[in-house]
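After this come two complexes, each holding chain A, first together with chain B and then together with chain C.
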Partner chain A sequence: MHVIRELLDMQIVDRDDEHVGRVDGIVAELRNGEPPVVVSLELGFVTIARRIHRGLEAVAERMHKRWSVRRSARYRIPWSDVMEVNTHHVRIDVRAEETVAFDWER
Partner chain B sequence: MTTRRFRLDDLVGRMVRDAEGRSVGRIYDMRAEERNGELAIVEYHVGSAALLERVGLSMLRLIGLHRITPCKVPWDRLDISDPDHPVLRS
Partner chain C sequence: MKKGLQLALGILTAIGGFFDIGNLVTASQAGAKFRFQLLWALLLGTIIVILLVEMSGRLAAVSKKTIPEVAREHFGVRVWFGPFVILVLVHLMTIAAEIGGIAFALQLLTGISFQLWALPVGILVWLFLWRSTFSAIEFSTASLGLITLCFVVAAVWHHPPRSDLLAGLLPSLPSDDGAKYWLYAVGILGALIAPYMFYFYSSGAIEDEWDRTYLGINRIVSVTGMSFGALITAGLIVVAGMVLFPKGIAVDSVNQAAFVLTEAFPFWGFALFAVSMGIACLGAVLEVSLSLAYTVSQTFGWRWGESLEPKQDARFALVYTVGILAASLLMTLGIDPLRLTIYTMALNAMMLPVVSIPFLLLMNDGHLLHEHGNGILGNLATGVIVLISCVLFAVSIPLVLLGGG
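The block that comes next holds the complex of A and B.
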């Protein structure tokens, strides 16, 4: 799998095909003497802001604290919850309604 | 075992330099494989060919190229302990 081409910015759906959001960031773990491993996918406005410019991350964090209805600025999906990655989406073993991504809907 | 977390998307576009500080190319993609239930990064794709590879084959055909091979750097040859300044190990 090409991680950036095939995973980053991909649509995420839950087990019932409900849209959760997009893969805004990918968190990996560096271990001594072993290849880095993907540990989680990250969603959220703050993550996108960081990709545009590092300085925007702090601005986005402040905006989140002041106005956001979401419980957290970032939502991390552990790689162990990823069921499938195909050319259309990333399917996760979580119900979209239970995620932070759905706080806007409540 | 010491572990440290970082963002893979932070690596994208970073210039890789060799031990003498010479530019090798920028990281545009990386290939991963499933190993023991984990997704392990096995190689980094570096240089303009890697960027063209990311753009896709249809775009390459448009500019008259049918096949390009990016510079593939195995995971153990790239020191990413500082993700902002990846260094090619000799």
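The block that comes next holds the complex of A and C.
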């Protein structure tokens, strides 16, 4: 799998096709002499800000502390929860409404 | 039966979304100053808008995805973020201009300043969005928008010379005031090819659960709906050309445009103009506010849908709430709706490459569209649209400065 092309920015849906968010970042583990392994998918404004410009990350962190309803600025979904990756979405074995991503809807 | 109803509703909604404060201002200015000479810009813009609306509907029906969704997935957040920020800005300016249009219509009817109307109007628009479903918005926009047909009725009543109308459909150089001529041409194109049209249309197709069986309906709705919308705009250009042009009245404020219907409808022409303007802007502000919420929610992958309760898609509802509030407050400051509309239309025209280039790339993606991607003709047409967009990008701001806005 081409991780950057096929995973990054894709729509994440739960078991019932509910939109959870997008793959804003990918957390990978570097291993000596072996290819890196994807550990988790990361969601959140701070992750997006970091990708756009490193300087924006701190701004996004401050905005999160001041205004965000979400418990954490970053939300990670372990790779073990990923059920399916196709050209349309990344499906995870978690209920969307139970995740941090749905703090606004609670 | 369901599809027949959707077809009729789609056409009417397309008309409702098409005619707004941008068309109203640019068409009345063009008609008053250059009579029918700028009808060609309307024709060109309508062809472009038909092609792009059809593509956005086709994309949604086949891939079940909207433009912001595929744009982020294809280009990545680093590339999409810039256009996304500009799109949000243009949406906000358009919402403010439409709210300004409704408030100004109320000023025409009551004599109370539009500044005082802006906030109550914003609150009513927000309440309507908060309480109603997509179908209710679609139906009300569609049925109320029919009142704007009064411009077509008035145009027919004036019996404009057919040869002059046909001559106006061919591009020609102005005898004087070239900067204004091109500014109005760019304004007409900017008003017609407003980005929200495509984002709203493709999201609406998902809300109405379109699939591949709707491709025929999509084609009919985009051609017929946009053509009817253009007919209303043409009606206004013709009426302004028949009423204001001979008297040498330039449309420097909406007040002057309000007299275009007074010859065809002597007793209630002024009120009819105000009501038509208010309703056209109301239909448009509902669509633009939703388009803003769609664009933001889809870019970030949130749950979205006007048919859901606001608590089910709180972030989607929050976006249009903040957008409407900010736009209403902007209008309470007393910004002239006409001037704001002119700047917004120029900005619309300037950012057309951002709108048109993704079409060229996305409509050729086999994973998304399978056998329904663009053919040679479709790509050729989109290529020409991209070229025109690039010209508009280069000339729009200098023209606003030269033409005096």
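To be clear about the criterion, the second predicted complex is superposed on the first by the 106 of 106 C-alpha atoms of A that agree within 3 Å, B and C clash if a C-alpha of one lies under 4 Å from a C-alpha of the other, contacts with A are read in each partner's own complex, and residues count from 1 in each chain.
We adopt the following convention: a residue touches a chain if its C-beta (ideal position, glycine included) is under 8 Å from a C-beta of that chain, and two chains touch if they have at least 3 such contacts.
Small disclaimer: the values here were computed from a predicted structure and weren't measured.
**Student:** With the two structures laid over each other on chain A, which partner does A:A96 touch: chain B (first), chain C (second), both, or neither?
**Tutor:** It touches chain C, and chain B stays clear.
**Student:** Based on the superposed arrangement, let me know which partner A:R51 touches: chain B (first), chain C (second), both, or neither?
**Tutor:** both
**Student:** Contact-wise, after the overlay, does A:G21 reach chain B, chain C, both or neither (first, second, both, neither)?
**Tutor:** After superposition on chain A, A:G21 lies in contact with chain C alone.
**Student:** Contacts for A:H88 in the overlay, against chain B (first) and chain C (second): which applies, first, second, both or neither?
**Tutor:** second
**Student:** Which holds for A:H2: it touches chain B only (first), chain C only (second), both, or neither?
**Tutor:** Touch partner of A:H2: chain B, not chain C.
**Student:** Would you check which partner chain A:Q11 touches, where first means chain B only, second means chain C only, and both and neither mean what they say?
**Tutor:** second
**Student:** Chain B or chain C: which reaches more residues on chain A?
**Tutor:** B
**Student:** Could you tell me if A:P35 is touching chain B, chain C, both of them or neither one (first, second, both, neither)?
**Tutor:** first
**Student:** Considering only the contact definition stated at the top, list the common interface residues of chain A for chain B and chain C.
**Tutor:** 8, 51
**Student:** Of all residues in chain A, which touch chain B in the complex?
**Tutor:** Its residues touching chain B are 1-5, 8, 25-32, 34-39, 42, 50-51, 79-80.
**Student:** Given the complex with chain A, which residues does chain C contribute to the contact?
**Tutor:** Chain C residues touching chain A: 63-65, 69, 72-73, 76-78, 81, 300-304, 311-315, 318, 367-368.
**Student:** Residues of chain A touching chain C in their complex?
**Tutor:** 8-12, 18-22, 24, 48, 51-52, 87-88, 96, 104-105
**Student:** Over in the complex, which chain B residues touch chain A? Could you list them?
**Tutor:** Touch residues, chain B against chain A: 1-9, 12, 28-33, 35, 37-42, 45, 53-54, 75-76, 80-81.
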